[in-house]
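The following block contains the structure, expressed as structure tokens.
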């Protein structure tokens, strides 16, 4: 299988410094928030790659860079061999852009409330100047809505239905690659199931490639083939689905799996994880997870671990490498 | 055997009159919470779980109001108390924790002042004593260096720490009952685990009962003793948490469990319940769930389903009742 | 038919129908607007044509025959023998024209500035908002006096009467754009981070397409509210400027000019010269303000 | 609400009277303040009014407008007709106690002739001022000047020593923005002494205990509080509410109200000022009209038609509320040269005017702009508006451009208007003053306010001759001849003589002075 | 904090510079001062002499530069009309306007906030509804008409209050005050109401809507849930949060009070800078007009600076050391 999406050495920094005058007077240094640090991954054609992590882990930033909404500070994202940020040929850019779509978290904010559903769905096609008759109706039926809904406004739909419309819009330009940024986290369980099933069906039927971003391990487990775990902008572990859930390598992955509530663990008394996510502007030295890690030693404080193969997985952890874990 | 439950709802009805008709976000809900018990109230958005909690503490925004039934706290009816008496119960006997720790605290007031004002509002102590207790309360919820941090403003805390402060505030006057309305929804997984653990520990130590409102079955499974499932303002099913989750009776609970990815083995399709929760102005007649129910019968469309007690104490469903031989079809 | 039923049943229509004072205000606005627009058809006299005036009709009290000419006027006449009723209709025409045009100018300027500032951000935003700050330093009255000064210096004397109206429009419009710009900028800042805008960016829509096709329709509610209240403000500003003598010329009096003329007769017993234009102005501004107030409440999603 | 107000109104008059203050203090208000206390820095009415209370000229116009002795007791030309001799009053002292002598007069008149003085034009003919003795002064003019005394009525005498010790030997350079001691302080011989002064807001004068005129004048007012109140309605309100006792300019429409108010009275008298329209008769083409290549005003028939179209009586009746004297000449009745025949009001005849217009080839009319002040004369803008309507009836479409005097007058001076309103007062009470400014061809020394572009060299020669004509009879004949030409040519459209309206407490007995100059030393209270 | 102040001061200076340019350059178009200053008997030499004297014959940039330089030294030249240094005039007139603005401001602020709180707390009470509707009349009547009506009722018809001027004033150094005499205080009433009424209605409506907004916030619900009394909730919690946004707008409003004093001072013959300005406009007294505009801008900018600092003092969130991070 060839990789459709290739992310290599991706870094994204945000300057969150105070204005220069404050820095001048208060002698405060520049403050740089590194949202994404040296992330590399590949998504094969027709694959579903999931990124999981808590808030501030940089997963959404990677998604936005992948679709071209944000520029990378370093590194590159290639989709079908084209890097949107470096490609000079406008025709290839336009073509590549048409192959990329995104589904957002909030089904209420992602549809323009003043537009009719037809216009929303057909916009990607019309914007390119292509004809779009009947497209909205066809897509609406494909995502399980009625063709008559094309003339309604978004506020006439429930959250689940809106997310279906978002899916329909994403499909309008016949994309190959869709970034799904927490597509169901705003939905109720019963509706979430509908949308997840739909997305999975479409992925299989249309041969789509997904980058699936979520904080919910159970959703990721349902959707993904391969999962990357992010902590403070870095990939700490990457593994095929079953390997990750059955034999998690990195202590952070273990903690996540342990802390997540379980439906069968009635009255379980867990020892809650220690600490909270550190300030991403001043991340800890060495392994960023070391202050919370029960296995951390001096080396972890000093030296940042690199990604290494560990069984079917890859993990960035000295303890795993040293076999302490 | 029957000790007076700390909280008892009987046929509680909340109505919101609108210009078109009267909405019923809570419709004839009855349940009890024993002293020290954790009752999980679960349901999807619009199920009426938050409104039930708000009704108990008497803070429904007008024009909404309790239109029927009664709320009893430790055997004493409280839904009809005058405003001032109800105020004294809030905070003192019933505490409340809201979903978003960011917006629950007044951003312009030091957390110490928010704590002491709460203590002074309910306990007859000096200001110095109130402050001492405030520090103790912060220490108890695990705020490091509480004596120093007490003069900080809310924005100087992280989300998890803020929710700890909120819990300290809710428990400041040692209430008998805490209503926790989605206390961890806005938090990360690791912090959620901390907060749930904290809440459980504190309430157990004080014998405080908890009404834990959430949409997360996992949280319920781990934290609650009993669980009440709500749908469209009505109680669908109630029972010990292990039984309800492992052997749901009501078709809605069953569907819900089957739709939860956590409960579905990898690679299997999620079960889906067709449609969505009805809006308050369009609740179907008969059993509110019948249009989405896979086992609905003609009768479900007509009459209100039997009450939980009439169906063997678990689910409010015609089919369940019939199968159990409690009613005839 | 269906659309009409839907409109009738909409929240807006409902809150309108159930606020008697708003209905009354709307009724007054319609009556006054109609009076102004149809002035040439309704008005019994043509007050802007001095050749038709008979000075001897001056100061005729309402409904009382003039002592010299024996003519009777509903609302009396002013110092030039102008029929007050006709003068008010025509004056309102000018006031409303100035008001609408000024608001339109402020709206176009402010909305564009606000959209650009909010959407572009960065130094463009800084410059536009600094200009807005400078503008705020000059209250509308000072701005108007300044613009009047320039206009007087730049236009030939015989053009000044025709210019006066446009100068009023420009000066009121210029001093009111900041309101629109601020609100639209604020709304744009919210909207531009919404995911539908990101979705539009994703498919490569241009900045202007996103600003005007996507963002603009979503900031119309606050703009509508400000425009309504701005109309009332513009009408009052016109009156104030005319009172200070830098407004509509006395040969083509607006409501404000009529009041300026009338206030000279406050103590002299010719109360109708002040009273009727003042009441008309009050009712007009009040009705528009009431509508604006209602719109603000009705369109505010947080208040629903 | 209405009933409430009605009952309030009933009660109000009584309260107003109850609020009356100490009768010896006169609270006086008018629209504008004095511009400076330096008596030679500004030649302007309100400035002189205040100065007249503090300073005195050699001779002045009393409340009837008659020239009466002030600091001079006698004056007459000497054998040399170019020298006038003035006998000064004995025993007069300045407010600071210094005695008044001839040297003060010499000093003051010389001061008034300095370049920075605004009064120098009035003394343009003066060659020399000499002190003959302590109480006698000779003024030598550049050739005989029969009307010299009338030029001296506003020339105030300052104390030489006071001026020198305070460094105000020269008049304030007003235009240059100089601030001198004399601007805010005053030391005159007048009946009132300056006690307090805040420009544009409040000035307090106290009676001079050592005034020479004690016994000669009533001097019943012991203190004067002067407040400029610009807004007419506020000014009237202040009078009605009893906050002031005397206002100098009652708007004509409020005369009735003031008159009707208990305890208030309006006193009225014709003013030495005539209001008229000027028209551009001289240019070949007008800028502001719609006629190409021609000047319709150059046609006398058009001017006559316009003169006939103006209904002066209607303006008097309605706009001026009867408070004007319609006229056919641009000269107030006080002026030497005035006759009843000249003053006769031209008949209003729209039909005939239309005929004349048709004859002149303007049967379909034409359009033109009328420039008008809106803050200078009584109801100036309303008069212009009325005229616009009247001229409209004979087909002349007039666009009215009304603006403050500060922007109106330059249009006339710079010949930027073809049709304008102007009012002219004649402080010398002589026709020559009118001819010099309004009739003579516009040039360096003459005709500076002649905006009509009218130029008649013969007439100019006659006007220039008036200054040195000592034979008064012959001079009067010349004046009459010039008037007949002016009237015949209809270069001005006269409207009316203004009428002064002073509003005051009924208890105040005070006639109206034709130059609008109240001298409060004459004021008496009814017992 | 210091950086914040420096930045605001710097921005204020730019604003003042621009205002200076506008003020100075625009007024050159209004009439010709020379024409107004010379009487009816003047010659061409007089005109030329005066033009040179006033520097009006110099090119525009030179005049502006000179103006700026002088303005920086507090020297705005000499009034064409009064022949006195403009600075003296302004200093002499400023107390009247500032006292009027102060009383109006207090009236607007106290009245506006009190009524705003009342109408927000008693949202559906009839009195609150009445006040809300009545307040619309306040914003629908032009200021000059209010002033005239007040004079008519309270001065002319009732004779209770003076119709113009400041009454007796007492000089304390160069400052003259009307606060120390009965007539001075009486004279303040009508103009203050006239000037403050509009601002009061605006502030009231603003306070009301902000308060209603705040009362909907979670922390208010949480405060209620903790059993705090209504009083503590409304005044201890809601009011403080309401005032934060109100302060900004109020600052702008109070700034414009000084400017809107023009109308009130005209109607009431109040001897302040507004009246000075109107007189200056009529006489095309450029130095006074330019100085007035600079003064207004300066006060406006100063008030806003104070408001910004106040804002920081009230809202601890703005005192954070770190700039708000991007999530």
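Lettered A, B, C, D and E in written order, each chain numbered from 1.
Assume contacts are C-beta pairs under 8 Å (C-beta built on N, C-alpha and C of every residue); 3 or more make two chains touch, one makes a residue touch a chain.
This structure is a prediction, so every number in the text was calculated from the model and none was measured.
Between the interfaces B-E and A-C, more contacting C-beta pairs are found at B-E.
Across the assembly, the mean Cα position most removed from that of chain A is the one of D. Chain D and chain E have Cα centroids separated by 39 Å.
For the pair chain C and chain D, the distance between C-alpha centroids works out to 43 Å. Rounded to whole angstrom units, the spacing between the C-alpha centres of chain A and chain E is 54.
Centre-to-centre spacing of chain C and chain E amounts to 24 Å, using the average Cα coordinate of each chain. Listed for chain C are residues 152, 263, 266-267, each touching two or more other chains. For chain A, the set of residues that touch two or more other chains comprises 55. Residue positions 30-31, 148, 152, 156, 266, 278 of chain E are each in touch with at least two other chains.
Residues of chain A touching chain E in their complex: 14, 16-19, 21-22, 24-26, 31, 33, 35, 55-56, 280-281.
Chain C makes touch with chain E in their complex at residues 21, 130, 133-134, 136-139, 141-142, 145-146, 149-150, 152-154, 232, 236, 239-240, 243-244, 256, 259, 263, 266-267, 278, 281-282, 285-286, 289-290, 293, 302-303. For chain B in complex with chain A, the touching residues are 44-45, 158, 160-161, 188-194, 196-198, 215-219, 221-222, 225, 241-242, 245-246, 255-257, 259-264, 266, 269-274, 276-277.
Those residues of chain A that touch chain B in the shared complex are 54-55, 158-161, 188-194, 196-197, 200, 215-219, 221-222, 241-242, 245, 255-256, 259-270, 272-273, 276-277. Across the complex, chain C is touched by residues 11, 14-15, 18-19, 22, 26-31, 133, 136-137, 139-145, 148, 152, 156, 212-213, 216, 252, 255-256, 259-260, 262-263, 266, 278, 281, 293, 296-297, 300-301 of chain E.
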